[in-house]
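Each of the next two complexes has subunit A plus one other chain: subunit B in the first, subunit C in the second.
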Partner chain A sequence: MRWAILAALPIGLLLLALYPMVATGYGIQFMLQLFMWVALAQSWNLISGLTGYVSFGHVAFFGTGAYGAAILVSKHAWHWVPASLMGGVAAVVLALIIGYPCLRLKGPYFAIAMLGLNEVMRVLVSYFEGLTGGGSGLSLPTLHASRQVYYGMGLAALAITGVAHILITSRVGLRFMTIREDEIAAEAMGINTARYKLFAFLLSAFVPGVVGGLYARDQGYIEPISVFPLLTTVTMIVMALFGGKGTIWGPVLGAVTLFIFQELVWARFLYLHQVLFGAIIVVVVLLMPKGILGILQERYRLPRWV
Partner chain B sequence: MRDGHILEVRDVTKRFGGVRAVHRCSFALAPGKIYGLIGPNGSGKTTLFNCITGLTQRDEGEIHFKEERIDGLRPYQVAHRGIGRTFQIIRVFPELTALENLLVVTREAFDSARRKAMDLLRFVTLDRLQNEYAGNLSYGQQKLLEFVRVLMTDPELILLDEPAAGVNRTLLNELLAAITRLRDQGKTILIVEHDMKVVMALCEQVFVLDHGEKIAEGPPAAIQADERVIEAYFGR
Partner chain C sequence: MNVAITPTMIGQVIISGLLAGALYSMVALGLALIYGVMRVINIAHGTLLMLGAYTTFWWFRLLGINPYLSLLVALPLMFLLGMLLQRTLVTRVVDAPELSSLLLTFGISIALVNVAQLAFTSDVRSVEFLTGAFLVGPFALSKSRLVSFAFAVVITVLAFWFLQKTKLGKAIRATSQSSEVAMVCGINVQRIHLYAFGIASALAAAGGSLVAVIVAIQPEMGTVYTFKSFLVIVLGGAGNYPGALLGGMLLGLVEQLSSLFLTTQVSEAVAYVLLVLVLLLRPTGLLGGRAR
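Let's look at the complex of A and B:
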């Protein structure tokens, strides 16, 4: 099993790397967004799946990265690659500022604080018109870079999944999980929970920031409502839950399945698609809160690296 | 180590709103002995445990462990100094396996940690369940797991909050033997326990709390005969 995965991985990656050579414009756009969702669901998994601190405002890091990168590209003529990385740094700085006070909050209070953060960021971005263009948005210079952005998104998804793998198969990841399992016992057993929580939070903020920057480059135009939508947070949560939170491949599985599903339904039943998505949320929460991989792990005692 | 004590609690007071959970409580533990902490429900035993381990901040008083003052430290810092504890209500990590529950708490190198964890699991006959989620173990098994999890970090002082509650007789005897063995290895142990048989069998010295105040202290036999203790437990 382990060898099968180890062999399948490089072959799959090679095929994905070669794909842009044969792909249509739609194909590239489709895969690029798929990578983006894998990266976002996996990022959310690091803080919420592992430590159990449910972030309802994770799109704030995405939006911060998008605006950070877009400002650097459009006003300071940066190349979009370093600009996107700086978008990630901006998201980490935001996480540092907000994480210190907010990670003291427990359960629903943290979730609500994060929800508030997203609203605050959206209002702030709208308010500072000189820098951000306010409500009328921000345009980036025209550039056809979908193929390059494809690789950027792919690398982001790969990197964060690699990080998840390293964490979950090591004691650091187990310590993250003890916070989810029983924070008081973890602390009493000598685990510095405040430090581990902040570490997980910073890790989970970087990639959404980078991905936000890549998204801004790909779209060429961003506005507050397009990069700070609550629905994006909800979607990454549902993807991670569906695949299996707290596992390595769960968020990947969830993102791939639901994104393909969404595209199929979207194309056929424009109005039904929101209803169906809502129905999936209800089914997941009620019938399979541990997600597909969570159920498989419990039934077949799979090791954590699966 | 002043007066050769490993732990010294000095005039510790803790209030919750208007309730004095612990009031001017003082005692000292010498290394290598088993101590008991008893008292009726709500007498402040667990609060005192929480004050020592940093889970609750005391309002007044001082707590010294070895040479150092430890009140005001965060719980993980207290744990790093060498104090381990179990909880009255079991607090294993349910979605971690039995083995992971042990591995996660030490900072030792992985290989030696794993060897030690397996030894401890064998010691409480849980080695065959090493890959089982802790939440799927029986109550008694979880209790044993929590007990060996404390040992994983090699603490010098071990605080056990009702180790005998809900444990069957065979298991209990093994547990008592294990506690005695730890004492023989030089560990200091403080036990909160309601089962007087356990207290009598194990403890060399007993402290009695009532309404947050220490009302008696002495060897178990003397404690059982103490007027104030009988009064606290049964009323006048």
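Let's look at the complex of A and C:
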């Protein structure tokens, strides 16, 4: 079983790498956004799925990365690849500033603080008009780079999933999960919880920042409400939850399933699809809080590398 | 921005702050009740406020009667809707980790907002009533804000009287102190949850009806009030009901005062900085509350 999957993985990756040669513009856009959601859901999984600290404002890192990269590209004429990486660095810096104090907060208070952080970031970005264009947004120079951005997003999704794999199958991941199960016990066992929480938080902030930068490049235009919506945070959470939080492939499975469903079914209805999304959130939370993989894991004792 | 700040301006700002603060206090008291009794953070709180505001709008538009009288309809209506939500959905996540209740109430919120968008369109509506201002000395007091303030004070006082003096109110406070002990004392905790959610929804609806004559009404209007209510209960200390009053007033004042020096947008950020500071420095709230 394990060998079959290990063989399927490189073949799948090869197919995805070759896909842009045969794909239409829409196909590339579709896959690019799919990768974006995989990366976002997986990065939320690193902090919240593993350590149990619910980041309810994770989109703040995405937005920070988007603005960081967009400013570098449009005002300082950087190439979008290093600019996106710098977007990731900007997100990590933000995570460091906010995580150091806020990770001491327990339970719902951390969630509220993160929610507040997102609002603050949106307001600040709207306020510093000289740098960010304020509420009227920021345009990037025209460039048709969908194919390249496709690879960028794909790499980001692959990298963060790889990190999740390394963490979850290692002692570091076990320490994260110990914090999730019982922080006081973790401390008593000699785990430096403050350090590990911050480490997980920084790891989980980098990729959303990079992805934000790539998103800004792909869209060519960003504004505060498009890169800091609470809805994006909730979407990544629901994707991770649907597939199974705290697992390696759960967020990937959740992102793929929900994104395909969203594109094929909901996009046809303007308001109704959000009503349906609300209903799906309620159903996922009430009926399958452990997610698909969580349920399978309980029933069939799946190994950790799932 | 370089306008000299006179004492009159500061007085005006303090008055506006208190007028706004009373509304925040009333709305946040609802959120504090739900959190106190069930440890659930209700993201749909502002959504219920929005529904209250629409009730007032349609009441005024279709019947043409004094919009303040719509409180008589909006409060019972949202009380029932709140109990329905609690009975069918929220009750299932009461003892679950906070992620469940956050997501669940967000799901309820987004569904209701979009139903409102389908039903009422996203056009910005307003209730034109009691426009203009009283001039008292050097201060201008907006008529609608003043009347809404008065109603908010009356409703908040009634809510506190209810919590302090009635048997049900005492049972609610007992449950928020310790639901196990309340249960041992023979309090039907499930029923308390139901009433608490109903009352909280009615308080949100009252907020909606009262701001309907002041601000623009549209389906997304509630989000801001949800955030502000969080802020208020963090300031006052979660599960501390008088703290919610203090927190609301404080938020109103801080917002208005900072708008004197900064733009309105940034004054919102000031409020959040305050939130994070209070969370870090005095995590039990200004009046003290439950430890975190």
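Things worth noting here:
The definition used in the following text is that the second predicted complex is superposed on the first by the 301 of 306 C-alpha atoms of A that agree within 3 Å, B and C clash if a C-alpha of one lies under 4 Å from a C-alpha of the other, contacts with A are read in each partner's own complex, and residues count from 1 in each chain.
Simple rule for what comes next: contacts are C-beta pairs under 8 Å (C-beta built on N, C-alpha and C of every residue); 3 or more make two chains touch, one makes a residue touch a chain.
What you see is a predicted model; the values in this text were computed from it and never measured.
Counted by residues of subunit A touched, the larger count belongs to C, out of subunit B and subunit C. Of the two partner chains, neither subunit B nor subunit C is touched by A:Thr247. In the superposition on chain A, A:Tyr127 makes contact with subunit C only, while subunit B stays out of contact range. Look at A:Thr161: by the touch rule set out above, it reaches neither subunit B nor subunit C. By the touch criterion defined above, A:Asn45 reaches neither subunit B nor subunit C. Using the contact criterion defined above for the overlaid structures, shared-chain residue A:Glu181 touches subunit B, although it does not reach subunit C.
Using the contact criterion defined above for the overlaid structures, shared-chain residue A:Pro289 touches subunit C, although it does not reach subunit B. When the shared chain is aligned, subunit C comes close enough to touch A:Ala111, but subunit B does not.
Subunit B contributes residues 53, 55, 74-76, 79-80, 84-85, 87, 91-96, 100, 103-105, 107, 110, 131, 133, 149-150, 153 to its touches with subunit A in the complex. On subunit A, the positions that touch subunit C within their shared complex are 48, 52, 54, 56, 101-102, 104-109, 111-113, 115-117, 119-120, 123-124, 126-127, 230-231, 234, 237-238, 241, 271-272, 274-275, 277-282, 284-286, 289. Considering their complex, residues 171, 174-175, 177-178, 180-182, 184-194, 246, 298, 301 of subunit A touch subunit B. Subunit C meets subunit A in the complex at residues 39, 41, 89, 92-93, 96-100, 102-104, 106-115, 117-118, 223, 227, 230-231, 234, 263, 265-266, 268-269, 272-273, 275-276, 279-280, 283, 292.
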